[in-house]
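To keep things simple, chains are lettered A, B and C as they appear, and every chain counts its residues starting from 1.
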Amino acid sequence: MAAPIGNVVIPGDTFSLLQLQPNDEHKKILLGPGLKEEEAEIKVLRPGILRFRKPGVYWVDCHHKRYIPAKGDSVIGIVNQKVGDIFRVDIGSSEQASLSYLSFEGSTKRNRPDVKVGDIVYAKLLVANKDMEPEIVCIDGYGRSNGMGVIRNGGFLFHTSLNLARKLLNPECTLLKSLGNRFQFEISVGVNGRVWIKAANDVQTIALVNSVIASEYKDNDQIKEMCKRISKAVSRMEVD
Amino acid sequence: MASFTVVKTEDLAAEQGKGPACVLRGQTSDLGCLTRQDGSVSLSQGDTTSIAVVYGPAEVRINKEQIDQATVEVVYRPKVGLPRPEHRKQERVIRNTFEAAIAASLHPRSAISIIIQETEDMGSNFSCCINSSCLALLDAAVSMNFMVAAVTVALKECGEMVLDPTKRDETEAKSVLSYVFDSVNLQVLTVVSCGKFSRAEYRNGLVLAREAAKSVFQFYRESMSKKLLMSQ
Amino acid sequence: MAEQFKMAQPKEYFKKFLENDIRPDDRELGEFRPTILNIGCVSTAEGSALVKLGNTTIMCGIKAEVATPDADRPKEGFVVPNVELSPLCSPSFRPGPPGEQAQVLSQNMADLLRTSECINLEDLNICPGKLSWVLHIDLVCLDYDGNVMDACTLALVSALKNTSLPSVTVDEETGDIKTDPTTLRPLSVSCCPVSTSFIVFDHNILLVDPTHEEEKLATGAITIIAEGGNLVSIYKPGGTPLTDEQMEDCIDRALKRSKEASQLIGETLCSIDR
């Protein structure tokens, strides 16, 4: 029996290495989230859909609402507290992440960034480890902001399931493209299930937020259809 | 947010020619019935219903923090009145059961809270609580070593055994045994009893409950499949 | 050296002993600690017992009080067990309202009394609908060294067997209640439930009558209450899943212990009668 790739697996399910790779046993495999190796068997820890990517990456795609930090993730956080040289940022995980004032573009000891409690930041996880406090930064390896930093000038922040956030970021998902054809807006999506949207006016913002939330269980055709309807409805409201 | 309702009709009785005593009452689950929680489910087994909600891994209270594993908290709310000592005992049994099932070492210094609200107790309430908590944990995609399934058996005065008893069966019975099994080896994780019984009765109940637990695990799989395949 | 090893790696320390089928306190895996029973040691109480299970010490006192019965059950009295785990017995308990463990133990005692039916609540009735006895069963832990459940059960049953109630007369006209302490009637206790606790060490080894140190290292626990050849309760709250054979072994041991303990209670009772 081959491994049930693309099928639903639930905690306690096990399969052997042989099931994963019936032909080539010596290839290296990499186990992603939700899988664990135990006594020469691979054990499922989380309910979800088993996925595979070449050359040998396996993981369980599950439906989360709670964010668990992972290194390199781009997230949206809310600055909660300022303690000495660091900010405490709520990124939706079990612990608040720390953000140093030096990890902004162009900031030095003299030139402190302008960050206040309550600000929204778009940042990347530098340290994500189950035993340590997560640390986020707003610069890339070359010291540039690369789109990260404090998000200013209004807009609207809302929460979605982590699945939806990943779906929005998936290049195959047409939602942002379809919406972009009809509206002018800015959006940033954190994989921690937080989405920030800013459009020309409130009516459009609300319409966009609703269409993002409604797209969770829709396929691409349905999404296109929905975008068409929404743009019609919005233009009618704006005329009134 | 959409929620997913899975209904399982137990026609096994007719198919397998077993008496009605050997079959679980129909189970209905409503995964994601509440929206703000990490995982939520409303489970009915026959007329017994409970709502379970899971938060986690979330922030932990400093005095409950464990540096090597997640802290599991269970809160049980009865349908009427305030929680009494008997509910504290039930909370503890449920907590200990899930401490073994949850892969707690993956999330140190965090809390996984399970909150159970009894909505209707028409017999086998303990099983319903365990099963709804397990489904809520699955809904929240909390890492678990194995799943658990609880089955209650009532022993009648005449020696007859009733699987998944109703409230009436429970009051008539001389003793009520609840077994909880793990999904990997179907071994006994938890046993709680009420009333005297003999060794043979314990054994027979175990065999009966173990068979029924398989169908509970099948029900979990069906429920999760329906939810996960829909969001694809 | 052994002290340091125990401090640094308690689990490894225990494993070294268990490899040779022996425990650090020189017991075999299925052996109870020496049980000492002292019945009737509190003269001011209606019934009392002191149990020592190794270092674990439980004092049980039963105080009887007269009260009006429940309107729903006019012919029944009450039994109110209460377990107290105060800072006196171990530094891990804090002063103040009872903690979760104490509440669960009290509930276990109440469940035990109900399911074993060792006291007929109707025996506690004095005058139907008007007067009944309330038995306040106070179990105080004096020294906490593990397996409090077994010690409590033993103390509870011994104290109940030691309980005698004075006869009560009610003056019809004035409604005054008079107790006559000279005519004592012993409480009838129909059976003698005995509890046996095990812990699971390192997911596969079963240890009977655990000490506090062993309890801390446990990956699971199970308590079986037996009475005669019957089982009153099997209580296994989570922990490591056990195989059917392991469960059967536990039941075997519990039935054996039940015989031993009821014999001990019987002998002790005989010795105070003399």
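By definition in this document, a contact is a pair of C-beta atoms (placed from the backbone, for glycine too) under 8 Å apart; a residue touches a chain by one contact, two chains touch by 3 or more.
Each chain and its UniProt protein: A = Exosome complex component RRP40; C = Ribosomal RNA-processing protein 43.
Quick caveat, the model's predicted, so the values are computed rather than measured.
Peer 1: Using CA atom means as chain centres, which chain is nearest the centre of all the protein shown?
Peer 2: B
Peer 1: What's the farthest chain from chain A if centres are computed as the mean of the Cα atoms?
Peer 2: For chain A, the chain whose C-alpha mean is farthest off is C.
Peer 1: For chain B versus chain C, what separation do you get between their C-alpha means, in angstrom?
Peer 2: 29
Peer 1: At what distance in angstrom does the C-alpha mean of chain B lie from that of chain A?
Peer 2: 32
Peer 1: As a quick test, compute the distance in whole Å between the mean CA positions of chain A and chain C.
Peer 2: Going by mean C-alpha positions, chain A sits 55 Å from chain C.
Peer 1: Hey, what residues on chain B touch two or more of the other chains?
Peer 2: 182
Peer 1: Going by the touch rule set out above, which residues of chain C reach two or more other chains?
Peer 2: none
Peer 1: Under the stated contact criterion, what part of chain A meets chain B in this complex?
Peer 2: Where chain A meets chain B, its residues are 8, 10-12, 14, 34, 36, 43, 45-49, 62-66, 68, 93-95, 130-131, 161, 163, 213, 216-217.
Peer 1: Any idea which chain C residues touch chain B in the complex?
Peer 2: On the chain C side, the touching residues are 100, 103-104, 106-108, 110-111, 115-117, 219-220, 222, 227, 229-244, 247, 251, 255.
Peer 1: What part of chain B is in contact with chain A in the complex they form?
Peer 2: Residue positions touching the partner: 1-2, 37-39, 55-60, 103, 106-111, 138-147, 182-184, 220-221, 224-225, 227-232.
Peer 1: Within their complex, state which residues of chain B touch chain C.
Peer 2: It comes out as residues 85-86, 88-89, 92-93, 95-100, 175, 177, 180-182, 185, 187-199, 202, 206.
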